[in-house]
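One chain, chain A, links the two complexes that follow: it is found with chain B in the first and with chain C in the second.
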Partner chain A sequence: MWRYVGRRLVLAIPTLLGASIIVFAMVHLAPGDPIAAVMPVDASKEQVEAVKKAYGFDQPLPVQYLKWLGRVVTGDLGKSIATRRAVILDVRDALANSLVLAASSSLMAFVAGIALGLLAAFRQGRALDKIASGIAVIGVSVPHYWAGIILIIIFSVQLNWLPAMGAASDGGVVDYARHMALPTIALALIPLGVIARVVRSAALDVLAQEFVLALRAKGLAHRRVFTHVVKNAAPQTITVLGLQFGFQLGGSVLVEAVFSWPGTGYLLNLAIFQRDIPVLQGVILVLATFFVLLNLLVDVLQTFIDPRIARH
Partner chain B sequence: MSLLSVRDLSVEFATRDGAVRAVNAVSFELRPGQVLALLGESGSGKSVTLRSILGLHPPVRTRVGGEVLLKGRDVNRLDEQARQALRGGVVSMVFQEPMTALDPVYTIGRQIEETLVQHRGLDRAAARRRARELLDLVQVPSPERCLASYPHEISGGMRQRAMIAIALACEPELLLADEPTTALDVTVQAQILWLLRDLQRRLGLAVIFVTHDLGVAAEIADDAAVMYGGRIVEQAPVRELFRAPAHPYTEGLMLATVRRGQKGRALVPIPGAPPNLVALPPGCAFAPRCPHVKPPCLETLPPLHVVAPGHGSRCHLVPARFASSPALASSATGRGGLS
Partner chain C sequence: MSVVALPQEVSTVAGAPMSYWRTVAWRLARDRATLVAGAILLLIAVSALLAPWIAPHDPNAGSIRLRLAPIGGATHPLGTDEQGRDMLSRLLWGGRMTLVAGLTPVVVAFLVGTVLGVIAGYAGGLTNTLVMRTMDVFYAFPAVLLAIAISGALGPGLPNTLISLSIVFIPRVVRVAESATVQVKGLEFVAAARASGAGVWPILRHHLLANILGPVLVFASTQVSLSIILAAGLSFLGLGVTPPAAEWGLMLNTLRQSIYVNAIVPALPGLAIFVTSMAFNLVSDGLRDAMEIRS
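== the complex of A and B ==
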């Protein structure tokens, strides 16, 4: 088992290197000159050269890459062009905020999605199934930024129950949670719908198998049969949970923008508009690493649950 | 008293194409320790009949009529909890394909133990001990390893032995075996068959053994019932059925089957196709394929004619073809089983 985990970790390295190359190349592929963006318009040629040298832009690309990679693995992601703060600090704060939001919205989506999916499967073809499936369809088809705006209109503007903007970092936990509520709901909608549908179809696949009949035939109580079905549907469900959690981290750009939630999506947004390439690189690199590790975790969990998946 | 009494059982499934009449007015009795072979082509309603005995049908779009009396109690009138106590406790089932009938993500041990925990309320340690004994009972060579294995890790024969161990875990009085050897390798088939026969004798089990293999039926059963189009068309003690079949469908089945000591005889398949259960004809369902068909066969349902004591046949031609048989004087009609 641990050998398997170790091997998967080693296999993740080329993927991460690939991601780092793409991220590094961004500087040179991106339209516009990052140096020009930060220099005064009337800067002299010497001044521009000095800045280029300071950033290492005068060296050959492979050398630049290796130097950059060497810094990155020690946690040095450079300085923000716009704020002059170390990128790692910005990314760290943003990641913390995004993780909190991703965790809360994922938790909400997982619990509600799994419950809805199982309910629909065990009541297949009946009214409850149709209601649950209807909620799932609405969840996946409503754009989350639009849902976010609607939520703001209802709960912030009309009812004035919850704040619409920011993360209130100065306030206490309650204030933080109040700021989190609406973006959490907006972000939970899509994964909720996706998870409900995947869980429903996975559970139906299991329910159609003969061993469920055999379990009933030996007199097993409903709740024990239910446990069997859940355990059989779990590998498929965990895959989708992992992916959805990953999407929550990376896919919240619009929702974070709508709610001005200072997470990675918001930071990414900001970096794009300010042409802040080091920040952009840092955010993308950290997110990519997260995705790879998350996939790994999902695979490992699956082999723990389903003995049929070979562990070599 | 009979252990099982099925009276006028009918099962209908509502489907997009119409009502599938899978089982129609089936009646039979089973004494403790009696072995009944249920014969017939696939699709004749054998499995549905067995599921009715367990009260296990899809909860929607299914209509069940008649009675299934297990030790005098109607399975269909019991609440779910009482039914759960019967299933596995009084009657259990062995399935055709042990690979699909076992949960792939639970070990064999867990699957035996949970049955014991459910019915006997044993703790884990006691359940484990009993599970081991059960694997000994079904002659699994290395029980400890089998207990720790997942279904895909052991052979088909071992899986079926494990399935039988689960079925026998709580000492049922009636075992429903739905083609338990069909999915296995030929050499393993015989082993499982001998095991079941041995267990039946040692434990005094009543067994309903579904098969479409007449040879198997002859080896294991006391009586045999032949199903066609959801009906029992002929029922008799097994020897009697082989010696003097009294339904053209039974005769056809015999001609279509290899039997011991008859090597070299040409096999004659029954021409035509099984009936459409959505649109069963008003007369005998076998009439369209019957070599002896007469006009009344297409119009009215044949009553149950008694050919000999304990031997009945639903064929209009019985009086004409077996006129010499004295038992015909008391020819019964309509519903009612033979016992």
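== the complex of A and C ==
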């Protein structure tokens, strides 16, 4: 098993390198000269060349990439074009806010999704299954940015119960939670639907296996059969939970834009508007790294829960 | 009692077993949810297609005095937007744009992804490693983030949206096509065809493609709903279709500031995205069940 874990760790390195190449390439994907954004319009040719040299744009691409990578691994993500602040500082603050939001929405989606999925599986074909499956389809189909706007219309504009924008300003826990409520719900919808569907089908697969019939035949209480089913459906579910948590971090861009939640998504949104490529790169690189490591963690966790996986 | 042979009539009444596609059609015809979703989808597609002829007003002509009219009016049944433009007309025109922006990437990904996946799966070895490891790199990003990264770098505009979303969906199709190809390649009839001297192309065409296109197509259909949500989402962020064009995500974005004035009209473009995406999901669910393809 440890060999599998080691191999899986090694496999993550080329993926991370590949991701870093994509992020590096973003500068050159952008239309126009990469330094056009920082140069005054009337800059002379010599000035342009000097700046190019200072940024290292006069060197061949592979050299530029390696130098950039060298800086990135030491935590230097460059400076924001708009604010001149170090990108790593902005990303760090934003990531903290995004993590809180991702954690709260994941918790909500996990609990509700698992409950809904199990409910549907154990009442397969009945009304309760149809309702649960219906909620799941709505969850995976709804554009979460629109759901966010609907929540604002209902709870902020019409009822005036919860704030529509931003994070808490005065630092109180209650205030923070009140600001977090609506974005949490909006962000939880999609994973809720996905998880409910996966849990339902995983539980149905287990229920169809012969050992369940055997358990029932020997007269095991319904509650104990349930425990067996949950145990056997767990590995598949855990993969999805891990993936969904990662999606929450990356997918919160649109929801954060709706609620002006000061996380990575909001930062990304700002960077897009100001065409601030270093910030764009920094945020995406940090999130992608996070996502890859999370997938790694899930794979490793899974082999500990179900050692059969390592043997494949 | 002696064994009685089945009368000849009975076996003819039972008939030959239905062909695969007839079975699929038979199942679909009995799946009410899928049929209703399919009808809704057809309605949306036809009305988007006919927008130039059935839209009551010019989607870009507004009037300052008629801003944010409520729904239910005689001249503007679905109200007007923040610039006084007719919502019904804009929703019809917007549907064209959103459907094109959502469907094209999946079609491109289906074509490119199937080719790459079949090549990787059939060739195996180094080719397989090269193609599949490259695809793995794209899996380092959640879909939304990858779309925003590429669109954010390329800048706004419909062509850039199509490029970035195609890049999001190609690796997914490649994975499905590759694993299906590897599975079919290992079956005996492919070995038999190869042993009897069939060339690579005939095998690919008659044996592999014929057997993997169904599952890959169904998988692609499950991605349409996400593609539509992402395409509209990019416009919502200002990265997709550029104003003044009507597109559901863009309309949602520009109307978002007006929820304090009129709560219903700003919600309409999002409702359109939601209904379309849900209809696509239900149809692809039904298709998957009818074709007995496991996700």
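Annotations for the structure displayed:
The working rule: the second predicted complex is superposed on the first by the 303 of 312 C-alpha atoms of A that agree within 3 Å, B and C clash if a C-alpha of one lies under 4 Å from a C-alpha of the other, contacts with A are read in each partner's own complex, and residues count from 1 in each chain.
The rule we apply is simple: a residue touches a chain if its C-beta (ideal position, glycine included) is under 8 Å from a C-beta of that chain, and two chains touch if they have at least 3 such contacts.
Please read these numbers as outputs of a predicted model, since none were measured by experiment.
The partner of chain A that touches more of its residues, comparing chain B with chain C, is C.
After overlaying the two complexes on the shared chain, residue contacts for A:Val72 are found with neither chain B nor chain C. Once the two complexes are overlaid on the shared chain, A:His228 sits against chain B while remaining clear of chain C. By the touch criterion defined above, A:Ala217 reaches chain B but does not reach chain C. Once the two complexes are overlaid on the shared chain, A:Ala288 sits against chain C while remaining clear of chain B. When both complexes are overlaid on chain A, the residue A:Ile305 reaches chain B alone and has no touch with chain C. Shared-chain residue A:Val91: touches no atom of chain B or chain C.
The residues of chain A shared by its contacts with chain B and with chain C come to none at all.
Within the complex, the chain B residues that touch chain A are 51, 54, 56, 60, 80, 84-89, 92-93, 95, 97, 100-106, 114-115, 118-119, 150, 152-153, 163, 166-167, 169-170. Listed in rising order, the residues of chain A touching chain B in the complex are 125-126, 209-211, 213-222, 224, 228, 231-232, 305-308. For chain A in complex with chain C, the residues that touch the partner chain are 14-16, 18-19, 21-23, 26-27, 29-31, 137-138, 140-143, 145-147, 149-150, 152-153, 157-158, 201, 246-247, 249-251, 253-254, 257-258, 268-269, 271-273, 275, 277, 280, 284, 287-288, 291-292. Residues of chain C that touch chain A in their complex: 133-134, 136-145, 148-150, 152-155, 225, 229, 232-233, 236-239, 249, 252, 256, 259-260, 263, 266-267, 269-271, 273-274, 277-278, 280-282, 285, 295.
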